[in-house]
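Two complexes follow with subunit A in common, the first pairing it with subunit B and the second with subunit C.
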Partner chain A sequence: MRVDFFTWNELFQEIPERIIKKYKYYKRKEEWARYLSPPQTFAIYGMRHLMSLKFDSSLECLRLWGFVFNETERLFRAKQINKKIIAVMGDLGGIPPIIYSFNSLIGFYPDCLWWQPFFSENYNLFEVTGRANFPETSCYSRVVYATFLKKAYFPKPDLIVASTGASCDDYSCVMQNISNLFYKDKKTEFIWLEIPPRKEKRESAIKLLKENYRKLAKILSEVANEKLTIEKLISGIKRVNLIRRNYQKLKDLVGKSEIAPLGALEMLLLEFGNLHFYSDIFEWQKILLGILNLVRKRVKNNEGVLNKENKKIVWATPPADPLYLIYFEDKGTRIVGSEYIINQVLQIIPINKTDPFTALAESYLSASLIGKTKERADLIINEIKKYQAKGVVISQVFGASHCAYETEILKEEIEEKAKVPVLIIDIPLPASEIPLQTQTRINAFIENL
Partner chain B sequence: MEILTPRERFNLLVFDETPDRVLIFPLITNHSAYVSNYSIKDYYTKGEILAQAQINAYEIYQTDFLSVFSEVGIIAEALGSYFEYPQEDLPKLKKPLFSNLQEYWERKLNSQYDEGKGRLYLYFDAIKILYKTLGDILPILAYIPAPFTTLALLFEPTEILKEVSFSNLEKKKILKEVLLLITDFTIQFMKSVINYGALPIVVDPLASGSVISPETYKNFALPYEERLINYLHRYDLDVILHICGNTQVYLKELKKSTADLLSLDRINLFSAKKFLGNKFRLIGNFDTTEILLLSPEEIRKKVKNLVLKMKNNKKGYILATGCEVPFSTPKENLITFIEEGKR
Partner chain C sequence: MRIGYFCLYTPIELLYALSLKPVRLIPSQKFDLTSKYFRYDACPFLKNLFSNLANKVWEIDGIFLLSLCDGQRRLGEILKREINYLKIYEIYFPRTYNLTAFQFYYEEILDFIKLWERDLKLINKRLKEEIEILNKKKRRLLKIVDSLNFLKKAELIKEFWEKGDIPETKFLESSVSEKEKVLFLGSYYTPLDWPIAKMIEKYFTIAADSFCTVSRGIDFYSPISDLKEYLFFYFSKIPCILRRPNRIFYHYIRRKITKYKINKIILYTLKFCDAFSFEKESLKTYLKRPTLLIESDYSFDTTLQIETRIGALYES
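Now for the complex of A and B:
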């Protein structure tokens, strides 16, 4: 069942104390490691948008929400218990399999904080970034710069890894500015990796990535003060593969079932969990498995969270504002497929027992932003075919260069090859409601499906 | 312009991190009506006025918290005590629901919770506006009278204070029964407050050491404060407990509290820090008479000294007044207090 914010407060009253205290991160026993809190807790600490959203009413999904929103505190706690913090930017998913092969390292993407202003319905991060002369015409991800200035969203990283090349241009600029902040800081190393922009010259692209990963593994080893053996890395890759495999099973179940067994917002959170596992890979594994089992049960019992009649659509490019997903569902659609520009974290990494770095490099070449726009269009078309979708929504990010370059090309390709309508919408700055004009366009699109 | 918002600053504190500066929380309640030129009666009967007064006070003082509070009788009134509303003063207990325990025994207490009872709407209306207006950058604290304080206002206060001290076991049992009913009602009230986006802060002014003995605190106040705190901890909220007056006499009992932040009033905060500082984030405790009467320069010196001695408290420290800022405190005094605190 999908419930609103206030209903979750009622449901939460029924959850026994022992369950609330059962779930803890980093396998710790301390009270601070708890994370099973209802949306109310995070709303009280400023996540105002939660009041407008709808949530799955299961305990498994409450666990998901609690875990996701607890991440800032979790990162500070990680540092307090002497784990080393690695901030990774730009590559979205290629590096964490290496990081999480070490026992004492925690990797995370500050990039994901682009959602913060939307969940809190707050402009402060934009204002602070603006004071540093970032223009309003740059991508929302610019707020990440402000989070580095504020030092309130994650502890000081022990290492920062930024990727350039086949990455968002605006975000490259953000990363360069962040690197300037650490220019004179001798305690935090800042390194750059390059992502090859094309896959045609496969051998040289793999070589470049492989060299990058090897270099990085050596640095990580020094930071962690821990040797990275081939066995350890393979074991780390297997753990990541298990998560990716379970997510893919979940996505297939959700997309192919007769009635939607899970809402789009939960699926978005789960898909992005593949990036860095919300900073605790072991707990994330369990949360994902819990939801997979829940969905299996729902599919078996033919239970769903939306109306059976809702029309299947595919969503491309992640919406900065999660409210849009809820709105589309309320108006009669269900999101069965997605291309959230993180195709690279949905692929199983081949296990190469002699050279896992090559395996990582090969796998990463599937990245959404490596290659031509037509190749990204094919990813979307595959989703349409696989889940028999009736339409596509592409949500654009103001200022994000790739949106400006590729969205129209994507639309043309999809309409021509898949013969389904495509709606392009812009996601404006944080607000508690969707603009009426956009609502009208969405409603018209849905009517025509 | 400061780099952190008050919310970010407060989050760092509760994550056991050191914020950019000491957080500042003068308990600005009806003083906000004073600086807004609103009548006190409007302030405690109209949620939109209370909210606007708090917004005005924030614009003047730039503190780190907003306060939603009228007076400690709000739950007693919702449960049936009768309060009169003077134009230029806080609500006054005109007729408590029960004169004595015998009357309670005969009539019982209707503790069925309903958001429409009494003036509970005042909180909800105010919180909704504040949350929408400033809730993205400021924590909103809703002051919740603890059960002992409400108990004292459901009966004739002097009667009940005698009863808790001198009555026999049978009567004490009845008192505890009433306290449990009040606790359940208060928990429902907190649940509503949470739904609207405010962080409940438990206040127990009539459980002050200036009013009751350590034994009475242990038996009639602390266990019910704890029930409220436990409820809030289910949500993993950081719980503030505020007790007015002198709590020096029962510091040992107070240490048993499971609150996360302790707001203390008339007490030697430096010695409290030694005794409580490893367990609690401490809040306090600039003398409220002094904030009203001292000159800005004297206030500056005292704040400087207070912050200097308290800011290294192991679990953290919030600079605050010991209790509510007096209604007609001169603006310059409070501005000085805050300026010096931010230094």
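Now for the complex of A and C:
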């Protein structure tokens, strides 16, 4: 069942204290490691947008939300318990399997904070980037720079890894500005890695990525003061693979079931969980498994959260504003497939016992932004076919570099090959409602599916 | 075969060594026609470049594209769909200074060479000759343009890039005015942007610039060396704001500021050109000089507004 924020709060009151106390992060036993909080807490902390969204009423999903919104606190706690914090930017998922092979390292993507202004319906971070003279016509990921200045969203990282090449130009510029902040800082090392934008020369591309990972592993060993053996890395990769496998099972169940057993918003959080596991891989593993079991049960009992008649669609490029997902569902669609520019974290890393770095590199070559737009279109078309979707929505950001060149090619390829309609929408700055004109376009698109 | 290019990292000496004729694409005209594949927020330069290519403004058979910015790296796919007469050569160029990435780039260049010539020794020999020739020309051109005002300089250098030869310059007189000096820098500078320079020169002397189509293009000289060393020069020595980190670019402009005793900076960027528009504050902080940011999309609807802002910088 999907409920609004207020009902969600009421439901929380029914959760016994022992359950609330049961869930803790970083395998800790202390009270401070609890993360299951009343949703109101997040709204009081500033996540006003929650009041406009709809949520899965299950305890499993409440746990998911609690865990996701607790991440800032968790990162500060990590620092307090002597974990080293690694900020990873730009590559969206390639590096965390190495980071999480170390016992004392916590990796996270500040990139994900691009959702912050939308969840909080607050322009403050945009104002900070405005004062830094960043262009207004650029990707919302620019707010990540502001989060570094604010020093409130995560502790000071012990190492920052920025990947460029096959990442968007806007974000490459944001990373450059962040690197300027740390230029004279002797305590935080800032390293740049290169992602090859093409994969025609597969061997060279793999060699480059492999060397990146080897170099990084060495630096991480120094930061962690811990040796990274091949066995440790393989075991780390296996852990990541388990999460990716479970997510894929979940996605298939949700996409192929007769009635949507889970909403798009929760699925978005779950898909992005593959990036850095919201800074606690072990707890994330359990949360994901809990939701997988819940969905299995719902599918078996033919239960769902949306109407059976809702039409299946695929969503490409993650929406900066989560409200859009809810709106589409309310208007009669269900999101069965996705291409959120993170295809790289949905692939199983082919474990190569002699050289896991090669395995990581091979797997990363599947990244959504490596290669031609046509290849990305093929990823979307595969989702359409796999889940028998009736249409595609491409959400984009005005001024974001790759959107300006790829969207029309994506549309053409999809319409030609998959023969389904494509709706392209720009996600505007944070607001509590979707602009009326956009609502009309969405409604017209849905009517024609 | 005539090959068009625009990025400064294009190894033109090598193109000459392969008996190709490189033509730098610096559009002087603006056409209304554009590709449906460009969204409204695509780079105005690339959109206009496309229009010029579609209108066959240049007599070229192919285009050499590098992967520096998002637009450039995706342009090939758009051209393939829209313009049939052009052969497209897409080469990976690293954003960072990673040596394995350089090796990757080197291998791509080797593949490109193989399309034209299999004898690498011969290419190395020809390459050295071409480097020497081009260096000589660039040095001569530098001497000629050194005493000219920015616009004249931009005009001559453009001609040089397009024709590959030193333009006729028999009776050129020194034309540098004695106004307050500014450094002028920013996105790919074409004749369509020249009105901005004219406006600036009403108030200031553009004592130095770092446009890749103007001074930056003739400020660097490759060593007379074999292919790998030559490519490494391109990879490691030529500054560009798009490289990561982009310190080399900053050091380059700081040297200009010191050399020409410049007090103010005018940063000119095309709309949606992230590379420069994100750097205003960093430039200001690093160079410790008042910096004015001017943005344009070739429409110049806001000419008066721009002039007012330039005037305000003059008064500040």
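Keep this in mind: the second predicted complex is superposed on the first by the 449 of 449 C-alpha atoms of A that agree within 3 Å, B and C clash if a C-alpha of one lies under 4 Å from a C-alpha of the other, contacts with A are read in each partner's own complex, and residues count from 1 in each chain.
Assume contacts are C-beta pairs under 8 Å (C-beta built on N, C-alpha and C of every residue); 3 or more make two chains touch, one makes a residue touch a chain.
All values reported here derive from a predicted model rather than from experimental measurement.
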Winner by number of subunit A residues touched, once subunit B and subunit C are compared: C
First (subunit B), second (subunit C), both or neither touched by A:G94: neither
Partner chain(s) touched by A:N9 [first = subunit B, second = subunit C, both, neither]: first
First, second, both or neither for A:P261, with subunit B first and subunit C second: neither
A:E406 touches, of subunit B and subunit C: first, second, both or neither? second
Contacts of A:T373 with subunit B and subunit C, given as first, second, both or neither: second
Contacts of A:G304 with subunit B and subunit C, given as first, second, both or neither: neither
Footprint of subunit A on subunit C - complex, ascending: 36-39, 41-43, 67, 69-71, 73-75, 77-78, 81, 90, 92, 94-96, 98, 100-101, 103-104, 107-108, 111, 242, 244-246, 271-272, 274-275, 277-282, 285, 293
Subunit C partner contacts - residues on subunit A that touch it in the complex: 132-135, 137-138, 162, 164-165, 168-170, 172-177, 179-180, 192-194, 196-198, 201, 204-205, 207-208, 211-212, 372-374, 398-409
Residues of subunit B defined as touching subunit A within the complex: 1, 3-5, 7-9, 11-12, 15-17, 19, 131-132, 135-137, 139, 191, 194-195, 197-199, 234-237
Residue ranges of subunit A touching subunit B (in the complex, touch as defined): 5-6, 9, 12-13, 17, 20, 32, 34-38, 40-41, 43-46, 48, 51, 72-73, 76-77, 80, 120-122, 124, 128, 131, 149-150, 152-153, 155, 432
